[in-house]
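Each of the next two complexes has chain A plus one other chain: chain B in the first, chain C in the second.
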Partner chain A sequence: MKPLTEIGQLAEHYDLAVVGAGPAGLSAAARASELGLAVLLVDENPEPGGQIYRSITTTPVTDRAVLGVDYWRGADLVARLKRSAAAYAARCTVWSIAPDVESDGASFEIGLSLDGRARLITAGQVILATGAQERPFPIPGWTLPGVMTAGAAQIALKSSAIVPKGRTVIAGCGPLLYLLAGQLAAAGAEIVAVLDTTPRRNWPAALGALPDFLRSPYLAKGLKLMAKARRSLRFLGGVTSLAVEGSGRLSTIRFERGGASESIACDTLLLHQGVIPSVNLSNAAGCAHEFDTVQHCWVPQLDDWFASSVPGIAIAGDGAGIGGAESAALRGEIAALDSARRLGRITIAERDNHAAPIRTALGRTLRGRRFLDLLYKPATQFLAPIVDDTIICRCEEVTAGQVRDAAKRLGVTGPNQMKAFLRCGMGPCQGRLCGPTVVELIAETRGTTPAEVGYYRLRPPVKPVTLAELASLPQSEAAVKAVVR
Partner chain B sequence: MFRPMSDAKSAATLSFSFDGRPLIGRDGDTVAASLLANGVDVCRETPVSGAPRAPYCLMGVCFECLVVIDGVGNRQGCMVPLRDGMTIETQHGRRQPEEMQG
Partner chain C sequence: MSRPRRSADVIVIGGGIHGCSTALHCALRGLSVILIEKDHAGRHASGVNAGGVRQLARHVAEIPLSNTSMAIWHGIAELVEDDCGFTSDGQVLVAENEADLAGCRARVEDLNLRGFHHEEMIDARELREIVPAVSETCPGGVISRRDGAAIPLRATQAFKRKASEMGATIREGVKVTKVERDGANWRVVTDAGDFFSPRIVNAAGAWADRIAADLGEPVPLEVIAPMLMVTAPMPAFIKPVVILRGRKLSFKQFGNGTVLIGGGYLGRAIRDENRTILDWGKLATNAKTVWDLFPIMRGAPILRAWAGIEARMPDDLPCFGPSARHEGVYHQFGFSAHGFQLGPGAGAVMAEIIATGHSNVPIDGLDIARFAQAS
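Moving on, here comes the complex of A and B:
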């Protein structure tokens, strides 16, 4: 591995650019490099690992039992990258991917920033391994300090060995909820309750997918995690509503279960409603997306090799649909094989031969996923908050009531038009936290489906870049002509 | 808001300030993690209503941890490694050009 610490150290051109150094990006970069491709792996975090293997090489957590054996497996992926010849730029943000005009679209022009300096480079192929983010979980008061995502507490634990101070409540649903609760408890956090919002009515649908889950290699692991968390922590199931109370800061979580209202005083509330693919970069790069009704989220349209609708851009890992860390690594390898084939470095037969055992392993890691997706599908009241005052766009402070009103009274049909009326999705997070909720609210109000409503049309820069950085970039003749009258 | 685990690996300490208050951080932490570990409750006030906000996702998605670092506003605290001598300030509302701040 060749670590790059300054933007000037990057080459002008790479065979393959991989975005994101989580399991998918690490294995894609390593595999492609092993096949002889000139590979650039860029990641905006200071260390490789993504969120699942966050800080795997630098974590200050010494007791290995706290994060569990699966976490430490991430070290093998980083070690493989280190043995490879791939270039790796940490703390480097990709803010644009577009066909390279100068090469007649034969390669991609990639806009990057590192340490306050921007740069444009080119790459013949691109693999997006930008992973997942937590599904938005808007409840009244969720913007108050003291409320965070459960993933945020896990990141703080992995990278800084810090845990929430005082009384902590975890609320939501999904397989990760048990893992997060268990890790935080093992690290010494005072978890006073886990409020489980898994809708009981999900069970009938999920049971149909149970046979596959029973054959899943994760069944035993999952049951063990769940049993341990349930034994040692106070689990309250059947939670149907949640509201944060506090003046300037969280002080109480109020909730309903079985028709009765209860409340718990706490210092930290961690919210988790499963994870969804991060689509901002793939969407802005022009890749077509569709609404997956089982995982209930937007996913890119991909073929068997994880190639997107834009020739030359593949999407691996959880960004291709949620499958977990092990499947992410395998998807990365498959995408890398096809990149090498597209570049003419290996034949179709070689690609297929290399991919066969990886596909078998991938099938195994994904077995049982459907059961989890169906069982942990979030309740509708958390996808589209009922209380009108609930802020759904945290950046622009737009409420659920405002979106409903605009959809109903003003006849706003989609999220892009909603931007013009309410500014939702126009803040610095660029719709990352409100997009799914805005779509849900419009669909509900207009009596249609998220698929019909569509998603935000996203544009580069996908992450904020200063004007000074943009202005300092060398401009091509075509770019100058595009703006000069 | 956060506290160190009892058996965390030790690291070099860094001096920095938040709104003029001298604080101590750990080498290897991000700005946002260090603020949380120092008990900082609020790091920004929103441009719309002035409501207080604090780090929410810690992975670059939410932009709730925006702060002013060494005079430059709109920095994502969760993405910036803490450095010795950093001057960090609460971000109040919109970032204004210097001549407009009076």
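Moving on, here comes the complex of A and C:
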């Protein structure tokens, strides 16, 4: 591996650029490099690992039991990258990917920033391995200090060995909820309750997918996690509503279950409603997306090789649809094989041969996924918040009621039109936090589906870049000459 | 359920600010209207532009239309029941040096001779009073005090909504594939069946050349993709919109602090896919201009950049008015990156021409016939 620490050290051109150094990106970069491609792997984090193996090379958490065996598996992936010839730029953010105008679409122009300096480079092929994000989970009062996402708490734990202070409640649904609760408890957090919002009525739909789940690698792992969480933590299931109370700061979480209202005094509330692919970069790069009704989220349209609708851009890992860390790594390899094939470095037959055993393994890791997706599908009241005052766009402080009103009274039919009226999705997060909720609210108000409503058309830069960074980009001659009005 | 209407007094092709405005003004004159839009109203240039409502620095051929429009903008809420986010803090053209300033002076004198007084010279001191943040070295400029800005998609949708309330039929998601004569009517062929009308308005923006070609009036329309950038909120530091004489720039701060940076640098348009590709090299030049002129902006985070698909004519002037070949055909396109301000007024003038055969607002020089021999 060739570590790059300054933006000037990047080459003008790479055969393949991989964005994201989680399991998908690490495997993709290593495999492509092993096949002889000139590879650049970039990630905005200071260390490789992605979400699951975050800080794997630097974490101060030394007790292996705290983060569990799965976490430590990441070290092998990083070691493989280190053995490869791939270039790796940490703390490097990709803010734009587009067909290179000059090369007439034969390569991509990639905008990156490192240490406050921007650069444009080109790459023949691109693999987006930007992973997942937590599903937005707006409830009344969630913007008060003391409330954060469970994933944010995990990031603090992995990267800095920090655990939330005081009485802590975790609320939400999904397999990661139990994992996060378990990790935090093991690290010494005072978890006073786990409020499980998994809708009981999901069971009938999920049961159909149970046979596969029973033969899947998730089963043993999941049962162990559940058993441990239930044994050691106060576990309250069937929660149907949540609201944060407190003046200036969270003091109480109020909730309903079985029709009765209850409350718990706490200092920290961790919210989690599963994870969804982070589609901002792929969306802004022009890749077509569709609504996956099982995972209930937007996913890129991909073929068997994880190639998107934009020729030359592939999307691997959880960004291609939630599949977990092991499948992410396998998807990364498959995408890398096809990149090598597109670049003419291996033949179709070679690609298919290499891919066959990986596909078998991938099938195994994904078996049982459907059961989890159906069982942990969030309840509609958490997807489209019922209480009108609930803030759904933090950047512009837009409420659920405002979105409903615009959809009803002004006839706004989609999230892009909604921007003009409420500015939701136009703040620094570019809709990452409000997009899914805005879509749900419009669909609900207009009596249609998220698929019909559509999603934001996102624009680069996908992450903010300063004016000074942009101004310092080398000035092209054509641009300087273009001074006619 | 009543059957969707298939014929009307007027069919408007295109739901940009121009199509929607013409539809509304036709409806206000009692004409029945069908507006056909292939995507949704405001999806293209009219929904993504800089929102600049500018009389400043317009070509003289456009000034009468622009004046008519400005009068409407200042009463926009009465017309469409939505203020469209319109604010009027003026627009200033900044001269960066003495040569720029001399050019400004000549221009204002020429306008005055023609009887137009909306542009006024300002000296370095007044410039600094109005735009304190501008670089010290700028010697003055020109101001148009009634100018301002509005929110593009919101304005376009307000026109659409009001037109619909006045009885116009709005068909979104319907694409016109062909227009042809059918006896006394025009047949407008779409992917949702045929529509009929004695009069059609070609307000199809960057796609209008195709309709014109169908009508035997080909035009040298260029499809362009002007780009814009917007920053995170900054402390309030500037009220009017600023444009430059020497370099490309259009610059304004909204009430919420965000700053819009444009000026007409072009990306690439792929019109058949409704898609644009940004040219970051040119945006960097755009950023460099701001870096030079407004030091306060250097650390501003750019949150978004985008481009819109727009029609440009070789002389940077629209095709506006009756067809040169056919009775009952009207053209309203080719606004060459400055048609948003013109929308409200152009619709009013077009509706007047359709309803009465003429308008007192001069539109000389905008006739489609000017391209007849060239093609």
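Quick notes on this one:
As a working rule, the second predicted complex is superposed on the first by the 474 of 485 C-alpha atoms of A that agree within 3 Å, B and C clash if a C-alpha of one lies under 4 Å from a C-alpha of the other, contacts with A are read in each partner's own complex, and residues count from 1 in each chain.
Here is the rule we go by: a residue touches a chain if its C-beta (ideal position, glycine included) is under 8 Å from a C-beta of that chain, and two chains touch if they have at least 3 such contacts.
A quick note: this is a predicted structure, and the numbers were derived from the prediction, not measured.
After overlaying the two complexes on the shared chain, residue contacts for A:P164 are found with chain B alone; chain C is out of touch.
By the touch criterion stated above, A:G286 is placed in contact with chain C alone, chain B being left untouched.
When both complexes are overlaid on chain A, the residue A:G248 reaches chain B alone and has no touch with chain C. Within the superposed three-chain model, A:Q51 lies in touch with chain B and out of touch with chain C [touch as defined at top].
By the document's definition of touching, both partners, chain B and chain C, reach A:G427. Residue contacts after overlaying the shared chain place A:V61 against chain B, while chain C stays out of touching range. With both structures placed on the common chain, the touch criterion links A:P145 to chain B but leaves chain C unconnected.
Touch criterion met: A:L120 reaches chain C, while chain B stays clear of it.
With both structures placed on the common chain, the touch criterion links A:V18 to neither chain B nor chain C. Residues 427-428, 464 of chain A lie at the contact with chain B in one complex and at the contact with chain C in the other. Residues 40, 42, 47, 57, 151-154, 157, 161, 230-232, 246-248, 256, 264-268, 275, 277-285, 287-288, 290-291, 297-306 of chain C are the ones touching chain A in the complex. Only residues 96, 98-99, 101, 109, 111, 120, 286, 410-411, 413-414, 417, 419-421, 423, 426-428, 430, 459-461, 464-468, 470-476, 478-480, 482-483, 485 of chain A touch chain C when the two sit together in their complex.
Per the touch definition, chain A reaches chain B in the complex via residues 44-46, 51, 58-63, 66, 91, 133-134, 143-149, 151-152, 155-157, 159-165, 187-188, 248-249, 267-268, 278, 394-397, 427-429, 432-433, 463-464.
Note for the complex: chain B touches chain A at residues 1-11, 26, 28-30, 33-34, 36-37, 39, 41-42, 46, 48-49, 51-64, 66, 74, 79, 81.
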